[in-house]
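Written below as structure tokens is the structure these notes are about.
Chain nomenclature is as follows: A, B, C and D, assigned in order of appearance, with residue numbering initiated at 1 for each chain independently.
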Amino acid sequence: MNLMEYQGKELFRRVGIPVPRSQHCKTADDVAAFVEKNPGNWVVKAQVLMGGRGKAGKIKFAKNADEARAVTTDILATPMPPNRQNPNGEPINAVLVEETLDIALEAYCAIAIDRTTKKPVVMVSKFGGMDIEEVSEKHPESIAKHFIDVAVGYSPFIGRELAFASELDPGFRKQFPAIVAGIYDLFFKYGAKLVEINPLALTKDGRVIASDAKIELDDDALYKNPEFKDWQAVLPLDEDEALAAAAGLGIRNFRRFPGDVGTMANGAGLAMGTMDAVKNAGGEIANFLDVGGGANAERVRKCYELVVNHTPAKVFFVNIFGGITRGDEVAKGIVQAMKETTSRKIPLVIRLTGTNEKEGREILAAAGMTPVETMDEGAKRAVELASA
Amino acid sequence: MNLMEYQGKELFRRVGIPVPRSQHCKTADDVAAFVEKNPGNWVVKAQVLMGGRGKAGKIKFAKNADEARAVTTDILATPMPPNRQNPNGEPINAVLVEETLDIALEAYCAIAIDRTTKKPVVMVSKFGGMDIEEVSEKHPESIAKHFIDVAVGYSPFIGRELAFASELDPGFRKQFPAIVAGIYDLFFKYGAKLVEINPLALTKDGRVIASDAKIELDDDALYKNPEFKDWQAVLPLDEDEALAAAAGLGIRNFRRFPGDVGTMANGAGLAMGTMDAVKNAGGEIANFLDVGGGANAERVRKCYELVVNHTPAKVFFVNIFGGITRGDEVAKGIVQAMKETTSRKIPLVIRLTGTNEKEGREILAAAGMTPVETMDEGAKRAVELASA
Amino acid sequence: MSIFLDKNSKVIVQGITGGEGSYHTSRMLAYGTNIVGGVTPGKGGQKTEHGLPVFDTVKNAVNATGATHTVIFVPPPFAADALYEAHEAGITFAVCITEGVPVHDMLKVVATTHGMRIIGPNCPGLISPGRSSVGIMPGHVFKEGNVGLISRSGTLTYEVVDLLTRAGFGQSTCVGIGGDPIIGTTFVDCLREFKNDPQTDAVVVCGEIGGSDEEDAAAFIKAHMPEMPIVAFIGGRNAPPGKSLGHAGAIISGTFGTPQSKINAFKAAGVPVADRPSEIPALLGERLAVRV
Amino acid sequence: MSIFLDKNSKVIVQGITGGEGSYHTSRMLAYGTNIVGGVTPGKGGQKTEHGLPVFDTVKNAVNATGATHTVIFVPPPFAADALYEAHEAGITFAVCITEGVPVHDMLKVVATTHGMRIIGPNCPGLISPGRSSVGIMPGHVFKEGNVGLISRSGTLTYEVVDLLTRAGFGQSTCVGIGGDPIIGTTFVDCLREFKNDPQTDAVVVCGEIGGSDEEDAAAFIKAHMPEMPIVAFIGGRNAPPGKSLGHAGAIISGTFGTPQSKINAFKAAGVPVADRPSEIPALLGERLAVRV
């Protein structure tokens, strides 16, 4: 789960990472009222998950209440412009009004999980404020990394070493170890997979402040902090995620593509393999769908309807290889789902093997469905049916 | 630093260990007012560091406000009876009024530091409410221990294993892992050297509650929790500790004995060795005194005056072996201290060797003091002077 | 021979009285796995429906049975605890089936359970055909033989095994290492074992997009196993880019993680990469023929 | 030979520009210790008053000098951090002089700095007479020879060494292991080294009341070093009982910790126990004579 900037900064506050003074507002009137009460130079920032707010004109400055009202109205007037994952853009429901900082220098600081060393890695660069991918291309030597031994955890030398190794300006140094301590604390306490401060600002009066906040929380750890359920509620899902959630699937278990072969498989690996097989058979897939374990009738019906109603699929290729998922249950699910669905009917191609395969095939046969033998055969058949 | 029961229970509350409902009160009127407002069965417990409250009549029950006033007045009337370390007993300045529990069973649970394995050890016994030393004698097999890997920390299986291994009544089991989690949390978060719950009560209505709290905090870690400075302020020092503190020494650096040979050495090991040497020379020591490092004039003068004014010492044996402590500084300190002191004069026997020994001896010589060569020689000389 | 387990490996099941635990215990027993008992706190002293003894703690189970292997069927919030308990009780090999274990739990587990090999989490376990199955793999598609298999995916593994078996290639050991970001045992860990296993004459590596385990595996093969016939497959070559770890993730792994990076790495190590699972048996046959 | 360090051991000083660090660096240099630099964050690139290079981090110091040993003079709140930094930089031997390090800091340090030997904290360090001194011991009382010495006390160590030297017994290595509840290196760790050190023909163990390190040492001697001439001394035999760890402490160590327990343990291991430091040289002479 990716957090919005204002949520990220709230977590920064809790772990003692300095952030600019700010107010989260939902209307232009609220923004104007806040600026009226707190005179000064403010910046109004759209609260969205999509990147590119600056380029999209969704970050604007204001020196008084009238300006604040005007720029907020402007920001809220239109959604973020569309991109591939968000073909309708992203609605803007709130802004963050924040003090403008008199910035001397901008650095970059992040913590993430490194799969190879199986450790959290802290990354620091003296080039902040630009996309870190750009820094990595232009100044790869500028990125200092430290892989943390989680048995020890954070210790201040890590911050010191990173500051020296990345040649951070001495102005950062004194406060920097506490910043790294903060992101490590946040990372573990709240189960984050990524915490990024970009830019980490050094102000002209010598303060080190997190000017932006990008945090990805581990969905599997959300249960440890029940309040995050509320935080999640305000986060927008993209359209595929919203459809997946409505069908009772994990939000990452469904994604649409422009083809006409609908697919469903159990396990992300097999679901990807099914897509590959359809491509290899000369077809174009309509969707990726991992039904997960426990494919009962209700679940199968919902998946079928999701594909039939929300993609242009002409055929539904069901590819099940049973391990923890039992073939007889899946078969029962398919038969019952097809009985119960009220959606339009498209042909099914079923490949069912693995645990309780025999029982499953018997159930399908009894319902007049003949499963194919292999994935490639199924893909070929599905592509044929789609082109028919 | 040992905490009083009410302080310990405050820490229990913070880490989620259930404790009885209670109120900390300083007067009988406060107790009576509290009981008036909260009808029920209450127990009034003197808040002191000394053990043996029950036997001393300092734990009493009350069923109404009048009884509560009466028993509190009685408890506050006299100090705790004296023991060896507290020849004047311990004053009672406050009580804890606490709900009485309807107890079904009492267990024992503690965490401490094991020097040999270099790990925290959790100890559990189903025999609670009695002195654990007694349990250890009578039912040694009943004490289950778990040595915790601090790189991992607490994990619930530890509580489960201990509950099963100590054959705790099943009534404890469900809540027990959270109790152990709590004491481990407290142990690390607040830098405790010992956390003991005795008894850990199982009430007749199935609640598991810490009925008493015994906590020793690591003096070296107090700086991490500044509030403990305030907590420390209300804790009584025994007389030797109070004298040591007044002289600017650590409270464990000074202790009196009934003899007439005053001593001072640098380092606890040498201070103990000095005592041994005096004993071996046939003398009786007046005190143990570890002056620590950096024995400057002010420090030496205060130590001298501490011994001269508060013990019946007839001689002051100064035994310095310089490592981190430099002989010349100590010598200067001794010379200046003897010039500045306004207390009565007793003969000094000085043994000074180690780092900057030569310079130190020259300074002493210039002041007309002739140091002895060895510790045994110094002890012999001191004993002779004391008997003279 | 086989890697990680053999017919005599004594296995316990943590969570044996739960639905999944009980079901898969039956299946493992049917396969011939030497399951010696299970653990469910509070049910110590009882017998399972399979007639196996239940213990309150792993320590008790190990003391009573001499178990060295465990397979864990517990809900995600309790998986790390189960692994710590197994480690402290002296278990040396643990398979964690559980899906959805917080990644931070695993970061700490892998950093602190030295001396215990962990397969998973979020994995189907492993099987040494004809000897033992520890996990949830469907035993009937496997066949004893001389091909080792390592896979990040669950169901895709069965797919590949099925193809191998049908093509006449039996397996020495098949390991589903799991697809989570932090797993106990990587491709390289398994390759090292296969290298030293006299029964294993060839290896199939089933990778996936993302991460850099495949690149590490290719580098290991190049350096340490150039003679071993090995075939690779990369799943998800047509997969959506999806929501990544974010920018920082890209920096850690550099250009790694893309299908092309993985394919290039394997090719540079002399390892042919199948375009689809059904090509694997033929490529394997070629490699084994070259060797002979 | 000597244990833990020799003339060539490259030593850095953490906290070299502080008062104590600077003073004792001078003394160690005067003794002949091969100090190659020091660490003070923010002063990297400077030179100390002794002409040694200062580095911002231990890693930089190790990279530039090849140091393997460190001696730490930093205030108590920073001692654990200094030890972690040394460990991560590849230092294999650390002496921590600092007094007052929180015991929980040390619990975690000893549990996580595998591969680095730590002496202390709250210790005077060690000295291999004629070769190197790492710490704060007064070098002039030591003399090169064949007696190893281990002590929990600081100043009492010098006392004993002084007596040994005056009696003609030179020392191979003298280690002050520190008196804190949790220390990096125990009597047994040192005895194991002395057992394998060809220069060490005899050992003096200076214990103290409290804990059970002495009992452990006696058991080790009995089991592994029965032939080595060893003499023990227990300080604080007339010490006040003091405020103990509380009841729980007594249970952990059982009846251990009392002077009598320690004396009995040594006697059971065939190790004579001196009643006072000045008896040590004579007892050592007897033990060495028996051996010859």
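Here is the rule we go by: a contact is a pair of C-beta atoms (placed from the backbone, for glycine too) under 8 Å apart; a residue touches a chain by one contact, two chains touch by 3 or more.
Quantities reported herein were computed from a predicted structural model and do not represent experimental measurements.
Trainee: Could you give the fewest steps needed to travel from chain C to chain D through chains in contact?
Mentor: Contact-graph shortest path, chain C to chain D, evaluates to 2.
Trainee: Farthest chain from chain D, comparing Cα centres?
Mentor: Measuring from the centre of chain D, the most distant chain centre belongs to A.
Trainee: Express in whole angstrom the distance between the two chain centres, defined as the mean CA positions of chain A and chain C.
Mentor: Result: the chain centres lie 27 Å from each other.
Trainee: As a quick test, compute the distance in whole Å between the mean CA positions of chain A and chain B.
Mentor: 54
Trainee: Rounded to a whole Å, what is the gap between the Cα centroids of chain B and chain C?
Mentor: About 54 Å separates the centre of chain B from that of chain C.
Trainee: Enumerate the residues of chain B that touch no fewer than two other chains.
Mentor: Within chain B, the residues that touch at least two other chains are 149, 151-152.
Trainee: Among the residues of chain D, pick out those that touch two or more other chains and give their numbers.
Mentor: Residues 108, 111-112.
Trainee: Mind pulling up the chain A residues that touch chain D in the complex?
Mentor: Per the stated touch rule, the residues are 149, 151-152, 155-157, 160-161, 164, 170, 173.
Trainee: Quick one: in the complex, what on chain A touches chain C?
Mentor: 2, 85, 110-116, 118-121, 123, 131-133, 136, 143, 145, 149-151, 187-188, 191, 193-194, 196, 214, 216, 218, 220-221, 223-224, 252, 255, 257, 265-270, 272-273, 275-277, 279-280, 285, 288, 293, 320-325, 353-355, 357, 374-376
Trainee: Give every residue of chain D touching chain B within the complex, in rising order.
Mentor: Touching chain B from chain D are residues 20, 24, 27, 76-77, 97, 99-105, 107-108, 110-112, 124, 136-138, 140-141, 151-159, 162-163, 179, 181-182, 206, 208-209, 211-213, 216, 235-240, 242-243, 245-253, 275-278.
Trainee: For the complex, give me every residue of chain C touching chain B.
Mentor: Counting only chain C, the residues touching chain B are 41-42, 44, 56-60, 78, 80-82, 84-85, 88, 108, 111-112.
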